[in-house]
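Going by the order they are written in, the chains are A, B, C and D; count residues from 1 in each one.
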Amino acid sequence: MTDGLNNAQIAWRAAQDIEDGAYVNLGIGFPEMVASYEVEGRHVTYHTENGVLGFGPAPEPGEEDWDMINAGKKAITLKPGASFFHHADSFAMVRGGHLDVAILGAYQVAQNGDLANWRAGSRAVPAVGGAMDLVHGAKRLAVITTHCTKDGKPKLVEECTFPLTGLGCVTRVYTSHALVDIEDGRFLLREKLPDISLDDLQAMTGAKLHIDGDVAGLNAPVLDHA
Amino acid sequence: MNKKIASIADAVADIPDGATIMIGGFGGSGNPIELIHAMIDRFRETGSPKDLTLINNNAGNGRIGIAAMIDIGMARKIICSFPRSSDPRAFTEKYQAGEIELELVPQGTLAERIRAGGAGIPAFYTPTSYGTELAEGKPTATFDGKNYVQERWLKADFALIKAEVGDSYGNLTYRLAARNFSPLMCMAADRTIVQVSSFVEPGGIDPETVVTPGIFVDALVEVQKPQQEEVLIRAGESYV
Amino acid sequence: MTDGLNNAQIAWRAAQDIEDGAYVNLGIGFPEMVASYEVEGRHVTYHTENGVLGFGPAPEPGEEDWDMINAGKKAITLKPGASFFHHADSFAMVRGGHLDVAILGAYQVAQNGDLANWRAGSRAVPAVGGAMDLVHGAKRLAVITTHCTKDGKPKLVEECTFPLTGLGCVTRVYTSHALVDIEDGRFLLREKLPDISLDDLQAMTGAKLHIDGDVAGLNAPVLDHA
Amino acid sequence: MNKKIASIADAVADIPDGATIMIGGFGGSGNPIELIHAMIDRFRETGSPKDLTLINNNAGNGRIGIAAMIDIGMARKIICSFPRSSDPRAFTEKYQAGEIELELVPQGTLAERIRAGGAGIPAFYTPTSYGTELAEGKPTATFDGKNYVQERWLKADFALIKAEVGDSYGNLTYRLAARNFSPLMCMAADRTIVQVSSFVEPGGIDPETVVTPGIFVDALVEVQKPQQEEVLIRAGESYV
């Protein structure tokens, strides 16, 4: 069995589907990597929950202004045409469906689109941030994730066992091994690694992978895993 | 990304019959006269758009702008707080003839319903209108011993907006008190079309002073030295 | 029976009760006159529903900028320290109870504080504007009005017969003949014209005038009725 | 009218035990460190204010600001969306010892509840958290076939805010992204106390670019060159 795409490659694949002119929110952590692979010639505007539209990459070390950060509290820069606004306006953008795409990480995604990504165990201090808002915010809610957990458990499941972030919200999942859409309560396989068999992929997946039309090859250029 | 549209006729070309249209402005302040008159021009040429539902604080004044649209029969319904003006003939005549429907909404509730539409809040409670005829048929609830009316969000297919400065991403500022309902309407419409007096490149508006961020705007058209409804009315102008 | 105070004098009397530092909304029409009698040495900030705080008197004719108007669509000027904001923020100020005083006109005020001031008959085109919001907006909601209608009917009544603007909202009424507070569902007479008897005043009033403590004289300087 | 207060100690002198306090900022951005430390100074001298309920997006970081207040036992409860940070020891230890109560609120719901408190909206419906454990016990409703949770307004006795420029009437602007929750909190507190980096006379801020109108502000104190939480944390500073 193959390791599949590394995180950089998963992020790259997700970036290919972001349309020119899109307004996009990238979740804290791994999803932020998607911004590194913006497709040449497309203009993407990034939104961060704490009230910035149109921010750019991190400044050089030492150049940070800590009044200008993203939702992960990392320093950002501004692109021309950026704007600042308060938190209620920021979440009006989210909840009001003004974002085109939100890309989040996941502990589990269920075949009906349920997402669990905010709380893995019960011991840790619970913290939700903007996750529960973002899952209701974008026209397309995509998840990027390894296909299985580090100890080999499927992350695409029939039903989430971790506490839910939102119900029936995920529309597409980019994993290390496959690209899966969620439609009518089913996982629809759109792309898979060329060198993995359908049976092997199904064995790694916690719910039935349906096929409706061609299954394309999931490909990404060689990219260092940051 | 460039949301600029070359001509004002193009800006309103897609508005179909039956559309619900929010129109910015409070009386003449912030009223997008040129966009409205472009719709009227199209209606005269093509018979469309008609059967419109208009959302504005008022119901037009004199014989220009919204009043002219009503007068020539483009609107089937208006949602507003105050369908009176210094010269309310156009609306009054249609209303008394039963040719236009009126949904009267208290002004603050109108503003909040539009904001709710833009913010993804399907319903909220307000003390406004509780116990009055404007609350008839609406759900009510009591919180901490006080009575409230449940109001629903208000959305539109289009918003027609007048702003002062805009950039190609749709970031906007407004002139003086002319913003009024416009920043809310920009949020609440599927397609927000804005006439700006002055067009600048991205970066031309200080990010701290942007009033409407570009995410809420779909199309901009430049109208330098725009007309002002109040001035036209005082000059006795007519577009009927 | 005396004619009582003219409108300018009623407005003057209401102005005396506006505290230094107060944020005030004056209804369209007659209530706007209160601003003419601002008490020397007190700083009052006027709010208008269409999104201005801190406006001043009308400009000279010919100096109007019609993008800067009040709720009555009249041209205004700005004082230093003014601000502009959108309609949702403007009514957040109102509904959120941030105004200290709102002063409105009335068709009828009932002894329980109900106000009818938006619709007198059923024939006219109905128009409500911000009236139903303002009655729930201020810490103190005052009404200024003649004591009776032009044809001599009382405006202070047991129960409103005109359509209501708000329930139990009025706290004080300034009339041509009296100053009346509303407390516990009763009209409490605070001031009356010196030259009118209690019996005559009661005869002009549609509900019982209660007395709790001294009744002071209602006085105002000679003022032209604009 | 002059809302300026001479000293930062005076600005926080009236806050009683048991108060509910909104504190502006998102992490270090917009965090009013000097006002918080003035409260800590007062607590050390007088034992007050204590038993506080704090409302902020986070629950402090390192050993300064909100984290220091929690660490030295001034807070009995915190309402926030994300009680984690680069150094969350202060809150984590109190929480795991059962010495501080946590009300966890999704970030957008927290913002909207605060706005609702300021805007006189006692309750509203949001899709956020529907079907999750954070919605347990809350009323729900269905609008147009979609499910929503009813959320209540959030108000406070005090708001402590960091702004950039302020005038004596309380009009405010904010620096870069540091506004975040602050304009909402200014609306939702009985008494809003603001530290400004720069103080100007009325008229010193363009009326079109005022972010928080003075009606929402009760007191201002000038703190030139304010400290920035993130910078202090990176420098290893402690106020415990």
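Just so it is clear, a contact is a pair of C-beta atoms (placed from the backbone, for glycine too) under 8 Å apart; a residue touches a chain by one contact, two chains touch by 3 or more.
It should be emphasised that the depicted structure is a prediction, and the values quoted were computed from it without experimental measurement.
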| note | In the contact graph of chains, the distance from chain A to chain D in steps is 1
| C-D against B-C, pair bridged by the larger set of C-beta contacts | B-C
| query | In whole angstrom, what separates the CA-based centres of chain B and chain D? | reply | 35
| field | Euclidean distance of C-alpha centroids - chain B vs chain C, Å | value | 30
| task | Averaging only over C-alpha atoms, locate the centres of chain A and chain C and give their separation in whole Å. | result | 56
| field | Per-residue overlap in chain B, given as positions that touch at least 2 other chains | value | 112, 115, 119-121, 126-127, 174-176, 207-208
| message | Show the residues in chain C shared as contacts by 2 or more other chains, in ascending order. | response | 84-85, 88, 91, 94-95, 136
| Chain-level touch network, classified as line, ring, star, complete or other | other
| Interchain pairs in contact, sorted by label | A-B, A-D, B-C, B-D, C-D
| remark: chain D residues touching chain A in their complex are 26-30, 57, 81-86, 88, 91-92, 95-96, 102, 104-112, 114-115, 126-134, 147, 174-184, 211, 228-231
| Which residues of chain B touch chain D in the complex? | 112, 116, 119-127, 141, 143-144, 146, 148, 152, 173-176, 207-209
| field | Partner chain D, residues of chain C touching it in the complex | value | 20-21, 23, 43, 45, 47, 53-54, 78-85, 88-89, 91-99, 136-137
| message | Please output the residues of chain A touching chain D within their complex, sorted ascending. | response | 49-52, 65-69, 73, 84-88, 90-91, 94-95, 125-133, 136, 163-167
| Can you name the residues of chain B that touch chain A in the complex? | 1, 115, 117-121, 167-169, 171, 187, 201-203, 205, 207-208, 210, 213-216
